[in-house]
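Here the structure is laid out as structure tokens; the discussion comes afterwards.
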Amino acid sequence: MALDKNGIAQRIAQELRDGWYVNLGIGIPTLVANYIPEGIEVEFQSENGILGMGPFPFEGEEDADLINAGKQTITAMEGAVYFDSATSFAMIRGKHVQLTVLGAMEVSEKGDIANWKIPGKMVKGMGGAMDLVASADNIIVAMMHANKKGKSKLLKECTLPLTGVGCVKKIVTNLAVLDVLPEGGFKLCERAPGVMVEEIQAVTEGRLVVEGDVPEMQFGLESVS
Amino acid sequence: MALDKNGIAQRIAQELRDGWYVNLGIGIPTLVANYIPEGIEVEFQSENGILGMGPFPFEGEEDADLINAGKQTITAMEGAVYFDSATSFAMIRGKHVQLTVLGAMEVSEKGDIANWKIPGKMVKGMGGAMDLVASADNIIVAMMHANKKGKSKLLKECTLPLTGVGCVKKIVTNLAVLDVLPEGGFKLCERAPGVMVEEIQAVTEGRLVVEGDVPEMQFGLESVS
Amino acid sequence: MNKVVANAAEACKGIQDGMTLMVGGFGLCGIPESSIAELVKLGVKDITCISNNAGVDDFGLGLLLQGKQIKKMISSYVGENDEFERQMLSGELQVELIPQGTLAERCRATGAGIPAFYTPAGFGTEVAEGKETREFSGKMHVLEKAFDPDFAIVKAWKGDTNGNLIFKATARNFNPMMAMAGKITIAEVEELVPAGHLDPNAIHTAGIFVQRIFQGEGYEKRIEQLTVRTKN
Amino acid sequence: MNKVVANAAEACKGIQDGMTLMVGGFGLCGIPESSIAELVKLGVKDITCISNNAGVDDFGLGLLLQGKQIKKMISSYVGENDEFERQMLSGELQVELIPQGTLAERCRATGAGIPAFYTPAGFGTEVAEGKETREFSGKMHVLEKAFDPDFAIVKAWKGDTNGNLIFKATARNFNPMMAMAGKITIAEVEELVPAGHLDPNAIHTAGIFVQRIFQGEGYEKRIEQLTVRTKN
């Protein structure tokens, strides 16, 4: 069965390692914070200027001066720190953030990503996405395998204007976990529970590399924090 | 009569304008702080990280964590602020400091300055001098007109390794106030009290431009703060 | 070094049609509300505005868009604004989109006397079109340049009469770099105190970067996305 | 995110012969005394040391010079040190002198993922020899590049277990930029407190830049130039 958004987030959370600083994009990536595995401590960076971002505030305790990059009211954990936007992107460009999780409209088999602009539609801007994808060594894309029309989002070449070139290393979709191979191509690492390789192949336009038996994703070993 | 070091500093202090941020180099420039004209407020920046530098501390009140760029113990004025070295030189390169006063071994008639290195002698380094002279729009050199051997320090061309190119606009020596002309040459603006144009000419190797009567420096109108 | 002016009207003196303004804030967080209100009142036109976002329809820079005072926006993200979209699609408004980190670093470079620097952001995308690119340590980078704004307008939490500023939480965002970058920098603060009342160790922006400071009035501090938990 | 290690010995693990170290401080102000003592004890050799100054004969980095542990100094000013002069003139010690502002900005660039930037400092001087130069807005600039240090060692006043740092007065100097630049950054502090005990608004260096933190011991904080006034 294909995963829902929470399932994608839960699978991505398995990639977290103790001591990592993590930047989560808007949408599915935000949900990753709900599934931090037991015994692991990570700190969330929001590029508008906080490290140690906590959960949403209790009603009535919101502070207009304390928001995340999605402009949502948030709280700060103990030991949090605030900083300016130049310092924030110094952290990002300087590779001090160990993991970036973000959404995408398209990913190519070379690791190119497009997630900011659809020609002919209103363009809102790239925000911090171009800095994030150009800088991070470790980028996981969280997205649906196909768009609403059923068209693959894992392509030979991106058709939309790019956000970054050759930067995506791992993709977690509702159907699969895939690594982008250095020589190009999507290596199928894991299938969503009950999803067949053929189903994944059918909605993967780019080169899908299947080697041996592809295991199913495992859930339930980690607990929800 | 030729000025002493305090006289040079006192004359330079006349160039201060209300509201200026000022960086004073080591040696004669430091003395300028003793002659701030009445009714004028300036703030001193020291490039190691303080704006609003005050006088030396009283005995026993010195703080090893509070020094100036000459590594001397200092105090902070009310409204002072501390910052890191990158921010400090952002102020300097970004032209937020209105006046830099520094010493020199040689100045050329094109405004080149040499003040950091004598080949064959131990080289201590340029410290912040190269940043200061390359950045400031308003640089005053404070120095003796000739060196200890009587040789002119105002030259056609500098003979020593340069600190900066075409950056000096004004020079105050023990004998004179001179402007560096855009087309090259030292324009004699003022003479030290009782010093003749001929005396100045005799120790000025570079082109000295004398137009009409050159007035004597005026002292005593400003009071010592 | 007293930088205090009476109010927003005094602070905004000299802002004219056609000028380039940097305006601090991220979304509606940390925006100079009093100065924006004054710019609306002044009715200055043809402004080029460098600001991370463009406000919402009826608040923040959206107020200047309503009056068609902005000729060009230089931002990283401009969603959440219908009037903006209308003016952009009709061609009334020019828009230049810049990666957020590049925007922040360009603001800092402007104030720091760094005319240009290399960043990996945007390489291989339309952001790099027409710009120099270059490899360092096996990775491609884009040459990005400083801005040249006339005024910078920032908002701080506390400020002193010397122009020293302290920002609160994530309302800091672009304000410190923009404060460095203005030929004239206007700072409005929630609380203005005499010089000496702020800890010199805890100041975020040194007064040397600020030419005019005043205490703003009636801060609304609107929240763009109110998200809360309920207790149990 | 606990970054605490027991002491200087733990903190300096992995520092080896031939490595490049950044060491914070200006003169003897804000130097990591405990870590320097540990480096002396370890006896690591052939160090390339990036630090604004080189200490005095018997304190600061001068202690490493005494043991001939330093192969190369990259600094802006290296006076006040006879042993330094002797080693330099004899050719035992390599010295690269860099304008102070360029040194500070190169440290920041290293940590900020900026591989190179243009600065006016040093144009037309021997500092610019062999470097690219370029005109921006009618003024010549020099292209300067980031460093590539193995470790950065900094000293702060207060720190918390997350690695967040607060510096005191002018002991801040190069420490914050160097903290950003280390592949591994060691911070020694005068007072180590639990996370949450520092005001998140007043922190100078975010813990993300620091890998190891410990509370140093027996700070001497020697004054290089004691200058005082006498009360009447």
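For this structure, a couple of remarks:
In this document, chain identifiers A, B, C and D correspond to the written order of the chains, with residue numbering beginning at 1 in each.
What we mean here is this: a contact is a pair of C-beta atoms (placed from the backbone, for glycine too) under 8 Å apart; a residue touches a chain by one contact, two chains touch by 3 or more.
Keep in mind that what you see is a predicted model, and the values were worked out from it rather than measured.
Path length between chain B and chain C in the chain contact graph, taken as the least number of steps between touching chains: 1. Looking at which of B-D and A-D shares more C-beta pairs in contact, the answer is the pair B-D.
Mean C-alpha position of chain C lies 33 Å from that of chain D. Chain B and chain D, compared by their mean Cα positions, are separated by 29 Å. Averaged C-alpha coordinates give centres for chain A and chain B that are 56 Å from one another. With centres defined as mean CA coordinates, chain D is found 36 Å away from chain A. For chain D, the set of residues touching two or more other chains reads 105, 108, 112-114, 119-120, 167-169, 200-201. Chain A has residues 76, 82-83, 86, 89, 92-93, 135 in contact with two or more other chains.
Under the touch rule stated earlier, the contacting chain pairs are A-C, A-D, B-C, B-D, C-D.
Contact residues of chain C toward chain A in the complex are 26-30, 52, 75-80, 85, 88-89, 95, 97, 99-105, 107-108, 119-127, 140, 157, 167-177, 204, 221-231.
For chain C in complex with chain B, the touching residues are 1-2, 108, 110-114, 160-162, 164, 180, 195-196, 200-201, 203, 206-209. Note for the complex: chain A touches chain C at residues 46-50, 55-74, 76, 82-86, 88-89, 92-93, 112, 122-131, 134-135, 161-166.
Residues 105, 109, 112-120, 136-137, 139, 141, 145, 166-169, 199-202 of chain D touch chain C in their complex. Here chain A touches chain D in the complex through residues 19, 21, 41, 43, 45, 51-52, 76, 78-83, 86-87, 89-97, 135, going by the rule given at the top.
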